[in-house]
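In structure tokens below, several structures.
In what follows, chain A forms one complex with chain B and a second complex with chain C.
For the complex of A and B:
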């Protein structure tokens, strides 16, 4: 296989993801959900699922449909499943959120929306898992192994979520009630730690090596990073399920999982430091410089976790811990890489077909890094200040930080739209004869 | 005559750039070999990453550029990743201006 094709619907996934992120940030500014409300309230459930499914999972799926074929140098199992999966995920999420709003009394009673939404989400994620899993399985080595473990974790996350949805609707029996009462940490660890973090780690290995001209991380080295992370998720899911079944409490299981997760993060830091140290490109582009802030946020999340545990304050500060992990590490990395991926794919879609027939601009000619830098800086500064406001229990200050996050995200989204519009490409090279203006929301066939 | 044609083909390929590095495939060292037999051109080339969606476009771009050279009949472009491309293959002057370090 010489080269893979451009994923037609990845841009659609990215656009939907950014829309969900902005909607979630508006909720935070409006004071709906955490920290204005408790973590376990229906409003917070709405917020969390908008961020984790609407923003992070859709962005991750869009990126994986393009990059899993690159990781294994094989075509995607089925390009036709991308759009139906997006439709199922979007509809399922809307129904799930409506169910939560109903649960909280913001909508008339209709708890049946929860299992219906869950079934649609399981269907959508099922298509994603089968499509990507069968593709990655063709060459399960290096970063593709991280993706496979991430997809397995997604299955566990979705299974727990579906049980919760049926239990909240009162149709999961006594076993479902027990799992709902005890199993939420397992759902969260499998989703944030397994699906989102391990997958982001795997994709980042290849993206960083490609964009910095670094040698790929040695398989023998990265397998320890993956093993620690995979064991953390496996202990959480399997050990946690047994602990729930035997009503023995989750403290031991979650403590072992935390140590393994921390080890995985430390080993990942070593791997990433090696990629930076051995890079051939001395100059770092904006996406790489901003990715370093995301890696710093991951390190900060680990240190914050250690500090909170050591002063016995983790349970009451878990919201601040999760906020830094979700918005500093995961969202920061996704935003930085979206900025690059959209430019790269837009270049290929527009100028690839005329290569050899006409002079073409460079990928870097599609972006205006000087202008974009400030939006990323505003975003990261707002996330870090927001984390502090959560730690010191200043919800009003947090809302100001959330406003600044919106400013940063809107600025980044505007830059991405300008990339799709070729707005920063100088005149004569912008649209040579034979090129077609890219569509904002999907790739031309 | 043949070596002159090879030179003209090599010059023509400079219109094809690697989108990521922003420089032409000849000076980046992507073109491993150009051979011409009775107007039939065979080009062996590489790219930075196997499986990258840019690879197919680079191959087509090289084919298009070579086919436009007067005296060229057929063009056959073969992509290979053995030996793997490395930054050492970049023209030294270009390597400095790109801020890319060599392997050795």
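For the complex of A and C:
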């Protein structure tokens, strides 16, 4: 196939991802894990991995299987790997979570679940990395380079995670114990900063330029953004590993990494501002307007970090900082872009065969932006209020904010299901002769 | 400094087509002193002799995935040109019956308009379209409908020129 066909299983990834997000939010409302429990408790580990692997990583993988071929204008290396990867990731995550629950005494002792789950996750992410990496490598320019650095960071994240899992099960020797004791910030920075943030940045360059009719960000310009981000991750992983090995200097390493990460975020802000400034399309669709709230959250995360460091409160408030990064910046951006991506792919899948031969709706006819706006506003407001409740240590208020987040996410998910079902397309244009109703959970390319 | 016109025949080659007539047609359209930058999926050794006869020196550079970029540079005074060959499975593509400038349309409108216009082409007719991006989602739709196409970025790198030909 020449060009880019519709990724068959991306919808499946998106559906699984949304299910994990809702499950994690229900846990927050129920008061399981942070902030009701400490950050390092097994319950919080369950929560964090539901969000970072189940929700963010699955949604990102689903989006990358569709958009890396667009970035490089080449077909995906192997479409056959998408579903086995999803199966391995899902099964691995369930086993890992069961291992954490067993670690915390909520399940009977079975710590062997942790390494078993980790091995399956490494297998699933391995398929993803090889498949996407071999595709992106064909034309490693512009946004594709962000994806390649993101995939490398994913490898580092998974490697640390696997060592932790074996160490928690007591079979990683004394070296494993040392890495487990000191290495968690390295795992978190590589995962949230390298894999999720750099990849989201790279994909956003192309999506924003496409949706707003802006010229692509110049490679010379974005390479500094990438270089700062890649250095931040590399310093954390390599320097951090050395510091853990020598049992000193980890704070220096993390400080250097934080400055580089901040520089990358500032440069990214400059790149994105340029895309908005040079856009030919003055009217912004809902997904773009909501993405600006996500960029604001990224800026807010940076400012919060600076403020917390300057008043010497960063270690106590790292949970609030991570919450804003995960739910304001990353989750907000993924939700806003999912809303657009699902509409576009559903439109292409349904109407592509008859386009030009029969009257077909526009992509915008598949969405009801007026109705969807309120769900996004509720979501972002809840995230920002939730961050404040964490900062001022009000766990009960936080649970109310989490309820509002659920309301927002359920509303957005319902809009996405309606898009998939063509529920808002009126009249005879909905299914002209020659079209078939798309399936909710997978695509018929 | 020689100005090069980009000719990308990789879509034709990947579709199992024969690009020779297209290359010759592009060659006929070159102005005096212009060269051609050709993108192909293999090193086109037989073409080098043909082009040398026509007064073009070649230099080639491998790209990723076994593909090649070949620069054909006019060497001194060009010799008299022979008529383009027409003995391949592709006849010379006719002048476009329809010309579209889709550069300032909101996506996916460029694709919709190209497909709508393509459906109005007579057998063997062509349309040309100017775009901002390589229309990666369009190609599978064209392929399903039996169209052939030829496309590449203009030397400015900002405009993608696409020619679509209806099945005979």
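Rule of thumb we're sticking to: the second predicted complex is superposed on the first by the 441 of 445 C-alpha atoms of A that agree within 3 Å, B and C clash if a C-alpha of one lies under 4 Å from a C-alpha of the other, contacts with A are read in each partner's own complex, and residues count from 1 in each chain.
Note that contacts are C-beta pairs under 8 Å (C-beta built on N, C-alpha and C of every residue); 3 or more make two chains touch, one makes a residue touch a chain.
Values in this document were obtained by computation on a predicted structure and should not be read as measured data.
Undergrad: Should the superposition on chain A be reported as showing a clash between chain B and chain C, or a fit?
TA: By the criteria stated at the top, chain C and chain B clash after superposition.
Undergrad: Examine A:314 and indicate which partner it touches, taking first as chain B and second as chain C; both and neither are also allowed.
TA: Once the two structures are laid over each other on A, A:314 reaches no partner at all.
Undergrad: Please indicate which partner A:282 is in contact with in the superposed arrangement: first for chain B, second for chain C, both, or neither.
TA: first
Undergrad: So, does A:138 touch the first partner chain B, the second partner chain C, both, or neither?
TA: So A:138 only meets chain C here.
Undergrad: So, does A:353 touch the first partner chain B, the second partner chain C, both, or neither?
TA: The answer is both, since A:353 touches chain B and chain C.
Undergrad: For A:112, decide between first (touching chain B), second (touching chain C), both and neither.
TA: The answer is neither, since A:112 touches no partner chain.
Undergrad: Would you sort A:4 into first (chain B), second (chain C), both or neither based on which partner it touches?
TA: After superposition on chain A, A:4 lies in contact with both partners, chain B and chain C.
Undergrad: Please work out whether A:231 is in contact with chain B alone, chain C alone, both, or neither, and reply first, second, both or neither.
TA: neither
Undergrad: Touching A:210, do we find chain B (first), chain C (second), both, or neither?
TA: In the superposition, A:210 contacts both chain B and chain C.
Undergrad: What part of chain A is shared between its chain B contacts and its chain C contacts?
TA: 1-5, 69-70, 73-74, 210-211, 213, 280-281, 344, 347-348, 352-353, 355-357, 360, 363
Undergrad: Please output the residues of chain B touching chain A within their complex, sorted ascending.
TA: 13, 15-17, 19-20, 22, 47-66, 68, 79, 87, 98-103
Undergrad: How about chain C: which of its residues touch chain A in the complex?
TA: 11, 14-15, 64-65, 104, 106-108, 111-112, 114-119, 132-141, 143-144, 158
Undergrad: Considering the complex alone, what residue numbers of chain A touch chain C?
TA: 1-5, 69-70, 73-74, 137-139, 210-211, 213, 215, 280-281, 344, 347-348, 352-353, 355-357, 360, 363, 445
Undergrad: Using the touch rule from the top, collect the residues of chain A that touch chain B in their complex.
TA: Listed in rising order, the residues are 1-6, 66, 69-74, 210-211, 213, 280-283, 344-345, 347-348, 351-353, 355-360, 362-365.
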